[in-house]
Each structure stands twice: as C-alpha cells, then as structure tokens.
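In what comes next, chain A is part of two complexes: it sits with chain B in the first one and with chain C in the second one.
Presenting the complex of A and B:
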C-alpha cells in the first residue's frame, strides 16, 4: 500500500528568510514549500538555493511532506535549482507555470539524471505542477499524465486570471470554471488537486468561505501563504463522523476480503478498488491528523 | 591563490548572518566576528566559516561576520554564497555522503 501523505495545507516559505524557514517547521501544515521563485529577489537566487539545499538536506522536519518550488522552467535559474533541489531530497519539486506535457517530461528527465548522479533511486522525487494560465488548464490532463512523478496539480489563480484578462475577486467566480476543469483533470489522472491561495491574510471569514467552496468542489487541500491560514484550512479538510465510519467500513471489507483470499471485494453492492481504499486511508489519516481518535479500524497510514 | 572581489551574502535579520569578504593580497586570512552569541557559539561559528573558506581555497582575504543568531547550516550557506560571489564562480553540486 502506498504511503499516505496528507495535503490539506501546503505553506509557502521564502528561501530568502532563514528565520521564516526555521519557524515554518513548527506550524500544523501538512506540506512545507520552500520557495526559490516569487518570494526570492533576483539578486538572492544563489544564496536562497544554498540555504534551501542545506535546510532540506540536513534539517528537514521529519513529520512533513517537504516540497521545493523552483524558478520558471525557461528561466536562467532552473538548471541550478534542479541540481540543488534534487540533491536536497525533498518529497517533491513544485514546478511553476506548467503549460505543456513536454515541459514535465524535460524536467523529469533532468531529475532522473541528477538522481542517478546523486545515488538517489530513480523516481524518488515527485512533482507538483502549478497550473497558472489558460494554456496550462487546457493541457491539464496531459500534464498530469506526462510522467509518473506527477502526483498533484495546483491552481495558481493570480496568474491564471491575468492570462484570461479577468479580474481577481474574493468570491472567485472568475476561477470557478478553472477550479472545476482542474479538478476534473486531476480526478481523471488520479492525482491530487490543490486549490489556489486566498491572498488576503487578514480576512479569515473570506478564507473560510473560499475553503468551504474548495472542499465542496472536491479539492484535496489548499495552498497557504501565511501561518494564520493553516488551522482554518485544516479544519475544513477534516472528515465528518459519517465519512470516517464509511472509511472504516471500506477498510474492514478489504481486510475481510484478504482473510477470505478474495480477489475482488464489494461493499453495499459496489466494487472496492485501490483508489477507493486509498481514499478511505486518507480519510482516516486526515481524521487522526485532526486529533480524532479512530477506534476499531486498521492502523494504516 | 585565486583573485577575488569584494562580496556580501546574508542579512542582518534575526536568525541570519551577514558575511562580507574582501581581498587581502599578500596577507593571511583574517576573520572578524560580531555575534550576539559569541561567548557560547563563537568558536563553532569560526570553525564552520574556516571550513568553507578552505573548501574554496580562500587564504588571502578579510572576512567579516555579523551574526544575529544564525544556525550552523545557515552560516554554512551564507559563507558558501559569499565565497561563490567573491570568486565569481558557480557552486559545485555534488553528493556529500
């Protein structure tokens, strides 16, 4: 069974700030994104790259899914960023502004070469693709399936709306289609869907409304730009008692099927396949992460 | 001894260290340290700095360190960045284990 990595919250922290990088490990985010891109001034790219490398390689928080966001795929920094990021051994590398599947394949090939050079098993490092333009959205499914390393796609709403000549609003009507289209591509490809940032860090009520919508649409998590957003977002991605009970029933049926050496398992007349089992495990992991005691279920995740 | 130019890396923010390197032709390596934790960690800061300078082969330079409580890997990163800038070279990525 694949390891469960919760992705309710992914917090960006600037690779230019040592103090923020140290502090970020102590919040409740599931995923910690050390950023080399937008939050780092051009003049500090080299220094940030070294700082992020040493932090992730030797002092990464053990209880978090660690990601490094590299600079643009056509920027002068990308080759050096990949050298540092792969050798730092994060769980994933987050690619900004992906628009074509060929871009993913090119980066995946580079990662494979560096993994081999560094003695890292091929395919270890996963990819998150940020979809931040109409072109990326149109090609979202092809991007998600371009390479097995891709495990998640995230919507970048600010750049997306700019590419559409739309105006960014708090209620987010202008990204409603993009959210659904990205989700559809993610579900079809079997990768996780991460919702866009809610930029106003002082508007907690607005964040709640935005996160409620994202959860109801089906997103697996949301990107955060400030620590104060983390607990709010985590709360919305905590499963209900009914969802937990159903997850326990699914996993019990799977266990019973194994005991009886059945090839196929059903519950309430429906087949339980691997994605359903994985989703049930994720539900229980989300519940445990929220401090909800789980009794009677298999201790997965 | 390779030629170097003046270079700075890091900031004066809390948890960071500012590393400045200046050419010191014909003279030995000179390291100046200001730190809010000098009495507790001064030797460790200097040891990390000397180790990185040695890796870069910098022997004739004045190195100024203004430390604001940086952790060891932050110090190492900042000295490496300053050395790359001073020698106008790219960092050589290799697996260290």
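Presenting the complex of A and C:
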C-alpha cells in the first residue's frame, strides 16, 4: 500500500534564515519547503544551499514531507542546487516556473544521475512543479505526465497573473480559470493539486474565504507563506463525518475483497479503483491529523 | 552542604547564615509576632506633612549611615524616584545603606552602580536586580554582603520576621494629598496598583511619600493611608509615562510565541479544573499576553466565567472583565496604562497588597487558591527546576518575581518557553540558577510539545485530561535532546568561589546561590 503524505499545507521557509528554518519544523504544516529561490538574495545563494543541505540531511523534521525549492531551471544556480538538493534526500524537489514537459524530463534525468552517484535508489525523490505562467498552464497535463517523479503541481498566482497581464485581486477572479485548468490537468494525470498562496498574512478572514474556495474547487492543499496561515488552512482540509464514514466503507470493501481474493471490488454498484482507495486513505489521514479519532480502518499515513 | 534541589551551598556567607531549602512545605513556620518598626508619631496632630524637598524629608526621617531604605518597582523602567532619592542621599553624605526595593528594574540615568561605587549603597535585597546593576554584581561590583534575592511572597515574610528591617520607605505615588493619603491610580504618571509598597508603609519606621501631583485633601482613591505616612514631598517628575507603560501592550505576532501561548491555553482548557469559577494568573510577557487572549476564547466558547484573575494586570485581562469572562480582578501590579486606570470601572477590580497575593506565611494568601498560573522562564532543566535570573552569558536577565510563589500556590503551574532562544538551549540538563523547585511545576509548554512533570501533585489528573484532549505530550528529556540537537551542549559558565547573590525560596530558605562569573576582562 502506498504511503499517504498529506499535502494540506506546505510552508515556505527561506534558506537564508536559519532561525526560521529551525522554528518551521514545529508548526503544523504537512509539507515544509526549504527555499533556495525567491526568498534568498543572490549574494546568499551558496550559503543557503549549504545550510539547506545540512538541515535536510542531518536535522530533518521527523514528521514532515520535506521539499527543497531550487532556483530557476535556466538559472546559473540550478546544477549546484540539484546536486545539493538530491544528496540532502528530501521527499521532493519543487521546480519553479515549469513551462514545458522537456524541462521536467531534463531535470528528472539529472536527478537520476545524482541519485545513482549518491547511492540513492532511482526514483526516490519526487517532483512538484510550480505552474506560474500561461504557457505552463497550457502544458500542465503534459508536464504532470512528463515523468513518474511528478506527484503534484502548484499554481503560482503572482507570476501567472503577470504573464497574463492580469491584475491580482483578493477575490481571485483573475485566477479562477487557472485554478480550474490546473485542477483538471492534475486530476487527469492523477497528481495532487496545490493552490496558490494568499499573500496578505494579516488578513485571516480573506485567507479563510480563499481557502474555502480552493477546497470547494477540489484542491488537495495550499501553499502558505507564514506560519499563522497553517492552522487556518488545515482546518478547511479536515474531512466531514460523512466523508470519513464513506472512506471507512471504501476501505472495508477493499479489505473484504482482498480476503475473498476478488480482483475487482465494488461498493454501492461502483467500482473501487486505486485512486479511490488512495483518496479514502488520504481522507482518514486528514481526519487523524485534525485529531479526529478514527475507529476501525487501516492505520496508514 | 547540599540542599533539596542538589545545590551546593556554603553554611554562611558574610553575616548571612544559610538555611538550606529542604523541600516544598517542609519549612516550619515561626509563631513569633511580626516585627513592625512603625512607631507612634512623635509630633502628633500635624496639619500638613509636606516637606520642601527630598533632602529635608531624608533628614527629617533620621536616615543615617548603615540603615535600610526601600522602594517599590511599579513605575518599572520609567521610574525617576529611585534616582532622585539616591542622588539626594549621596549629596547628604549618608553612606553604607542597604538598598531594599521590591525589585530593581533597569534604571540607567542615574546608574545605581554609581551609588554603590561612591559608597552610598553597600548592600542590596530585592526580588531581582535586572540590567546594569545585576550584570555588575555578577562580574566585578563589590558589596559588603551578597545580594539577597527573594520572590515576591518571601519579601513581606522577611519584613515581618525582621530579616529585612526597613528604616525608611520611599513610596512613589502618582497622586497624594498633603497628609500622605496616596494612590498610583490617578495623575499624569499613574502606574496603577501600589501593591508592593503596602507592606513597607505598614512596617517601616519612617514612610516618605513622593509625588508630582499633590491633590486636594483627601486623595481619592486611597491606596496607602495617611496613618502610615510621615512625610510628603512633591518633585517635578516621578516617572516617564512612556516607560511606565503607555497604552496596552501589543499582542505578539511572533508565530512561535503564539503557538506556545495557544498550547498553554489549550492545556488549561483541557483540564477538568477549567470550569465555572476557575481562577488564573497569566502575567505580562509576550507569550503570557497572547495566552490570555486564547484563554478568553476558550472561556467564551465554554460559556463559563472565571471567579478571579490574579497578580499583574494587563489590558487584555481588563478586556476579559469587560466581556464578563472574569468576575473579579485582584491586582497587585498594573502592567500597562489600560490596567493602571481600570480600577475606577468597577468595585470588582481590586488593588491588593502583595503580601495578601503571595506571602505563604500569612493567615492565608490568594495564590494558594489559584487554579492556573502561567510562568515564563529562561531555562528549565530535566527536573523541571526553573531559572529566571541568569542568562547563558552570565548576565542578570530578569528578576525572580512571583514565579516560585505562583508555581507552588497554583493547582496547575504552566511554564511557557521556546525550546531554544537564538543559539541557546532553554531545556537543559541542569539550570545555572535554580529559582523555583521543579516539584512545584506541573508542566512545561513549548512549540515542540507539552512535558508533564511526573513529580507534580496533579500529574495523574493532567495526564488523563491532556491525553483525552489529544494534546501533544512529550517528555522533558525529549525537549532537552531536541534543544541540544539544534544548538549543541553549551560550555558551562565558569564562576569563582565567591558567592555574590543568595537566592531565597518563598519559605525563606536558600534554594541556590550565584557565584561570581569569571570574565575575560583584562585587569
């Protein structure tokens, strides 16, 4: 059975800020993104790369899905970033501003080579692709399926709106299409969809409205830029009692199917395939993460 | 000899005979009558007690070389009284005094260190000597006797037993009348409650009230009454209102502190003692103020009301009162301007004597009825002992305050602190200075989880309640290991054998001593 990694919240922390890196491990985010890109000044790139490498390699938070965001795919830093990031052994590397599936394939090849050199099993490190332009959005499905390492795509709203000559607003109508288009591509490719950041860290009510919309559209989680956003966002990705009951029923049917050595399992007349089973496991993991006691059901996640 | 928290103590330091701490509630109470120095007025039926200036009042008080003088610390870093009085005493050529305020805050202009250097002061007793004075005492300042540091509850006890015998008490008041009725609640430099000086007023041989705001007789309200006051002096300025506490303290935006505060409030709300009529003391640090806000939310959600909030008051506790979330405020100290002026709102907001608040040897003290007490700390060790005095560089970072009293008095004492501060671990193998014995501490709340103390009287109850609420429980050893894994184990602070401070517990025994810090200063 695949291990379930919750992706309700992913918190960016700058690789140039040691104290924030230490503290970030203590908040309730599911995914911790050590950033080498936008939050790190040009003069600090080398130091940040070393610091992030040592932090992830030797002080990795035990209960987090750990991600390193590298610099731009055409920047002078990308090769050294990948060398350090892969060898640090995070769960995933987050690629900024992906626009074409060839870019993913090039990076995936590079990661494979470094994994081999470092003695890491091939394919260990996953990829998250940030979609931050109209071109990336148009190619989203091809990007998501360019390599099996890709497990999630995230919308970068600020750069996306800039590429569209749109204006960024709080209600986010200008990214409504992009959110749906990205979600559609993610669902078709079977990868997770991560919503854009809500930039105003002082507007908790605005964050709630924005997260409610994202959850209702179908996103699996949201990127956070400040720790105070985490609990607010997590709360929206807590499943309802009805959803938990349904997830338990699905997993019971799967278990029953296994006991009876059935190839295909159905519930209420519908076939339960692998994605449905994974979604049910994720629902239970989300419930457990929210402190909801689950009676019965397999203890995954 | 070694005391009950494992501290190596000398049997005598100068003239101070060390009575070692032997455990909570192990020290037998004295039945001797209290030792007041107060005397009948030698010149009765005066129509005014005003003196032309400080020097005239000092001379009239009979202050002489070697005597003991006291002050309160309610003007905090905005205090201008201590400096003016010491300057006047110094100019009068009086030497060798024991300086015994309720606490020394970081007063820089004039520097108290200079009054030690010129011989005006040669002994110090207080709850804390934070700042320049404390650092100098630890490093190279020479006094005739070691500094005696006592928690708030131990000071009135020491005064009543005669261990601290005050010759002249100088009491700053933001309003006073010519007969000495005075208060901190009104006037341009109001500081709020004068709870720390009640005992001085009642017990000192002479009492001098100092104000910059003489009001028509009688002063209203009367915090300290004329029957205890010998002289009244008007000066130009008793304090700097911006430093006394302007407005309400701002709520921290530090996400780490907010997380700790939330956890502490969640722990309170998870306890079975969190019910209608519960009581609490949260304090004035950044985490404490945030904790009060989270506690207010919990109280509102539970549809209950606290019977009283105790101790140092802040604007957000007053806000809880306004919202009907707390029925009574028992205030010994006001931490901001909103709290300082809140007394006129309602008779349910009451200014109380520090002795009533915290002195365990009273016929009773309020702290011993408290449900929840939230405390800060610089360091906590794996035995849950607390250090609130000395920092990692051998500096005097804070005062003892009422922490040891609150920890022991409250049913549930909660220490809030981050696992590390900068590059310094806060959870350690052994605290540098022990101020509060670990057995009185119920739990330590950090950003990395809550550690319950198995040696605390309410451990079993807390374990059940917090586990049932799904709060993240860890061991104190886990927190220590986490801290050390992030910072490494610091090199111990090196000291000489010379004892420079004696740290008393709330029962008057010695819980620790501080030895002189070795410095790299080139002589």
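Basically, the second predicted complex is superposed on the first by the 301 of 301 C-alpha atoms of A that agree within 3 Å, B and C clash if a C-alpha of one lies under 4 Å from a C-alpha of the other, contacts with A are read in each partner's own complex, and residues count from 1 in each chain.
The definition used in the following text is that a contact is a pair of C-beta atoms (placed from the backbone, for glycine too) under 8 Å apart; a residue touches a chain by one contact, two chains touch by 3 or more.
Because the structure is predicted, anything quoted here is derived from the model rather than measured.
**Student:** Determine, for the superposed model, which of the two partners chain B and chain C contacts more residues of chain A.
**Tutor:** Comparing touch counts on chain A for chain B and chain C gives B.
**Student:** Is A:59 in contact with chain B, with chain C, with both, or with neither (first, second, both, neither)?
**Tutor:** both
**Student:** So, does A:118 touch the first partner chain B, the second partner chain C, both, or neither?
**Tutor:** After superposing on A, A:118 lies in contact with chain B but is clear of chain C.
**Student:** Quick check on the superposed pair: does A:227 touch chain B, chain C, both, or neither? Answer first, second, both or neither.
**Tutor:** In the superposition, A:227 touches chain C alone.
**Student:** If we overlay the two complexes on their shared chain A, which of chain B and chain C does A:22 touch? Say first, second, both or neither.
**Tutor:** A:22 sits against chain B and chain C alike.
**Student:** For A:291, using the defined touch cut-off, is the partner it touches chain B, chain C, both, or neither? Pick first, second, both or neither.
**Tutor:** second
**Student:** Please work out whether A:235 is in contact with chain B alone, chain C alone, both, or neither, and reply first, second, both or neither.
**Tutor:** Neither chain B nor chain C is touched by A:235.
**Student:** Both chain B and chain C contact which residues of chain A?
**Tutor:** Chain A residues touching both partners: 19, 22, 59.
**Student:** Would you pull the chain A residues touching chain C in the complex into a rising list?
**Tutor:** Listed in rising order, the residues are 19, 22-23, 26-27, 59, 226-228, 291, 293.
**Student:** In their shared complex, at which residues does chain C touch chain A?
**Tutor:** 253, 255-256, 258-259, 419-420, 422, 447-448, 470, 485-486
**Student:** Give the list of chain A residues in touch with chain B in this complex.
**Tutor:** 17-19, 22, 46-47, 49-51, 53-55, 58-59, 80, 83-84, 87, 117-119
**Student:** Spell out the residues on chain B that touch chain A in their complex, using ranges where they run on.
**Tutor:** It comes out as residues 9-10, 13-16, 70-71, 73-74, 76-78, 80-81, 84-85, 90-91, 93, 95, 97.
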